[in-house]
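Heads up, there are several structures right after this.
Shared chain: chain A. Partners: chain B in the first complex, chain C in the second.
Coming up: the complex of A and B.
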């Protein structure tokens, strides 16, 4: 979303101001944009360029006074590093499990159900789901830690019900953080889908109903095709959000035990700030960027196929 | 038209400047004030250093009217503290004037150019002669021989045990294990006889950082046959890979956790293991044996986070044995902290004045007693006030004879991280000892370069 802001700012006034006006006037109209352009260049483009540069050096937080240009060494190191490959795999599991499957499906289900529900039920559900979304990430992380922790709330409930206790933070940490992310992020998908469902023409649904289509058929053949653009947009947004989740995982497991919940952002943090390898950490950040771009390309392609 | 253009330009410039204006302001510390940064443990009850520095600040400001000391705590886990001070020292606008440095890290920070040599200061300081030689060595650079800090304290490591629990389990006290096996056997006995009691604590895992490496792993590793050369061969300047000693030490870790002789794994691998042991399990009589630092008693003093009047009657100390009891029979590790002046400090002279004040004999004695650390000043070490302050001071000061120091090299922090990673993977059982040792060898080669490693004894 951040990157979308830059070209939009660029393409604003000057282009529209053309069409026969003298050059001085269009310059004049563009001038007020200059401050924001300068700020974008200094605070957005600057760090990004610096970050790209760092990824090709052996910059360290401590241990060396000089940094050298090392070419692609950080990247070859990454792809030969089993911990990196593990982090890449866990990132995929996390994104697909918690965002594409979890948040997306649950968000759609909640939106469909609340549409049919009575007003008080809808307000209550919306309130509860959105509360998790409103919480700052680190607070949500702490709450989820307290929930899954061995002496935590979930085990108290399980114990009271006479069910066996869990220790997922330790035994299945990736599942625990996926569930936490579903809990926290579902509200976003739900809101997107609630808005989209409002746009589905009633007569279309009624026509299908008249033709004898059941609930599932209506959903699959009428509603979903109509809102497919919202689905793609939603998928793209939650994928990118989930790819960069750090605070939630770090608060819950610190990427551990071992490296069993170490997704790319956590791995990147540990390399950059615990092993003091700023250069290597930045290279991983770039790989994360590429992963995000790949997901976006896939979604855009899918959307295009649908259109054609 | 022209006027309009000019006006628009002026507004633009003004807006840009005011928006960007946040960058230009100078930070506060001028000629009369300094910023002193120290590590505040995550356990907020542990505020001994905060209180000590506050009293130093008050007396210093009284003696030097017009001067201001700003004491800044960095509240973090140990690893995060290092990261934060390193980030602070990178930029002149955030660099403190005086910083609390772990002597294990100091060489790394010296190599980065973060610290200022203080030779010209110490030359004219009469007290400098009272600092122990080994302590001075720990704060000087092996490459340029200059001094980069004033040693604050040192420590040794050994075994603390709960006499009552050991007696209850039928183990004769005073207890002094002769081998690693003795420790494990005793722990097994306790596990069998005293359900509900954690038999032993052995720090492990990445969250613990240097605590896992030093109180944990290195207490084993330096007790193997290669002793001082088990991690780094100083003569040939090579880091050791593939040694049997390393695997044996990992096996010990694996045994402790696979037989559930230690803390529960999630607790042991969490960031609060240290506080859990010192302020809960030991004073609650829930932990029998603890391989830990000489300073443990500071948890239980009246001023500590968990006052425990009976500790001196309950807890006793023993030396850590070598692997199979080979000479010299005992092993200990020493580290310590120092006060350093960052290279980008704005007011190094005043920082030095303050350092001299907090490290004079009276204040050093006070500090060593408060923190129950081992003295670095020879005059303090001989002071009965210090020796009799806590019953265990004599014992742990005596371990200095068996102690080892970590390789004081810029790469050490990365090596230490690789060790904690290997420990964590055998603690959880994610990898076997052989796999973990192999991964360590690879990590080590990546960290220090494979031409700086050498095969250890198999």
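Coming up: the complex of A and C.
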């Protein structure tokens, strides 16, 4: 266990079997892995292989009697399709805006602040932030729709403060879905950072305090360097989660108006199922998978499975 | 042992507080107080911002003239709940959700415990590559896999099959469950098992009688989180199931307005509450017993 924040692993990595068993018994010992292997092979590896194959065909949902191999046609089509490029751009805005900047920063801030708050305030904050996270995603979508609705709560608050009202879901739908994802996902970062901050040695912070370091200085030069592995891990995980957000956006805007909040998952769904272009939709899915895989590899590099 | 390990944030937090107030008692008391008040005020403002969106659901559910506007109900009424609490609207979708998510969670937990045992206990050339593959898979966007899964299920005629949907849900939750289970299992010292082994217990017996009883908090954390994420999962059943009578609540809440009277926002809000309550209760239960999400936050990173 390399990470500082691995509660379960702390008791010390167990001394493992002595090794040097004959091959037959090691096969037998691996037997409990079999159900997992079968499930993962059939339902995850299978579809991914199929995805790679399908992305190079002109498969359609209806009609077409035969499916043809079309080479890279789906991909050249995608990168020449302004709607695809729009979706790619919006996905980037969504991931950077709502996850990397929004959830990550707010999560860290809340973790730092709740440590310093009085107990009831801390429990309350944890409670409401996590409540938004536990909600089913479609319910969260409805709540956010109502919140950003023209006659909704946000505009009521803005009006009461004397600020101009906005028709959020029409003028700035991507901002609305970004904020919705911050609202829904911040709890995850907050929990990761709370666990990480709990492991920062007190003496370190107090030594810096003795030396007269201010709050920001302590945070920037002492706390953040100590938890940097948690920060990287968290960034990777929330990026991956945000890449595949579908229900929240679909419930709020269906990608609209027009394609102004159409991220890749929504675009992929609409091409595959509403335009019946399974081959094209699969090619988009493959792009999404490859992007996810790249981030996942970086995540692996950050996490050492074990130091043996 | 694992029980105390599960709540690093809570214990460390209180420990730190004790230390700080002790040192503050000397010189800095006057400086610390306003800072803490400022922190509290900021956090309360954040709380308000997070709670405000929830207000619509609660107010609309007890209002007779609800829209997506935020208005006070006059007078409050339970009519919306009366209107939805019937088999077609509420009970069948909830039962379907329970069958799908409960079945998949159960399967996922059993299978991941089995897989975690050799991964935690034995050394093998294949162990590292397997763990890397599992970790890699936890990162893949499941949303992207849904289209090929749909095409595959069409080919083998598994669309609209609840059994196949349960198996797919299980597989999609399996990588993270295996990873968490293995981490929790690593926390159980192998010495305890050796005594059982000497008494003649085989691997599965020592897993069931020695390891599992010691790691039940971990098992419960994995179970509850797997269930909560499946209960909220909309895309998988939305793509794989077609018949209205097989749809779980996560899909029927989405189609609620088109399937019912288009203007019944109050009923939609009431149904959302009924659909959400089970996972909120589960989460609260978990928090009371085991520190809730903070246990997960710590265990995620091996």
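Here is the rule we go by: the second predicted complex is superposed on the first by the 265 of 308 C-alpha atoms of A that agree within 3 Å, B and C clash if a C-alpha of one lies under 4 Å from a C-alpha of the other, contacts with A are read in each partner's own complex, and residues count from 1 in each chain.
Definition applied: contacts are C-beta pairs under 8 Å (C-beta built on N, C-alpha and C of every residue); 3 or more make two chains touch, one makes a residue touch a chain.
Being a predicted model, the structure only gives us computed values, none of them experimental.
Shared-chain residue A:147: touches chain C; no touch with chain B.
Contact with chain C, but none with chain B, is seen for A:278 once the two complexes are overlaid on the shared chain.
Touched residues of chain A, counted separately for chain B and chain C, are more numerous for C.
After overlaying the two complexes on the shared chain, residue contacts for A:169 are found with chain B alone; chain C is out of touch. In the superposition on chain A, A:257 makes contact with chain B only, not with chain C. Shared-chain residue A:204: touches no atom of chain B or chain C. Once the two complexes are laid over each other on the shared chain, residue contacts for A:77 go to chain B alone; chain C is not touched. Applying the stated contact rule after C-alpha superposition, one finds that A:39 touches each of chain B and chain C. Contact with chain C, but none with chain B, is seen for A:117 once the two complexes are overlaid on the shared chain.
When the shared chain is aligned, chain B comes close enough to touch A:60, but chain C does not.
Across the superposed pair, chain B and chain C both touch chain A at residues 31-32, 35, 39, 42, 273. On the chain B side of its complex with chain A, the touching residues are 1, 4-5, 8-9, 11-12, 15-16, 19-20, 79-80, 82-83, 86-87, 105, 108-109, 111-114, 205-207, 264-266, 269, 271, 410-411, 413-414, 417, 424-425, 427-428, 430-431, 439, 446-447.
Residues 24, 27-28, 31-32, 34-35, 38-39, 42, 60-65, 77, 81-82, 150, 167, 169-170, 254, 256-260, 273-277 of chain A are the ones that touch chain B when the two sit in their complex. On the side of chain A, the complex with chain C involves touching residues 1-3, 5-17, 19, 26, 29-33, 35-36, 39-40, 42-44, 46-48, 50-51, 54, 59, 110, 113-118, 121-122, 124-125, 128-139, 142-147, 149, 151-154, 156-157, 183, 187-188, 191-195, 197-199, 202, 206, 229-230, 233, 236-237, 240, 243-247, 251, 265, 268-269, 272-273, 278, 281-282, 285-286, 288-289, 292-293, 295-297, 299-300, 303, 305-306, 308. Those residues of chain C lying in contact with chain A across their complex are 1-2, 5-9, 11-13, 15-16, 19, 23, 35-36, 39-40, 42-44, 46-47, 50-57, 60, 67-70, 111-112, 114-115, 117-124, 126, 128, 130-132, 135-152, 167-168, 170-172, 174-175, 178, 183-184, 186-191, 203-204, 218, 228, 231-235, 239, 249-250, 253-254, 268, 272, 275-276, 279-280, 283, 292-302.
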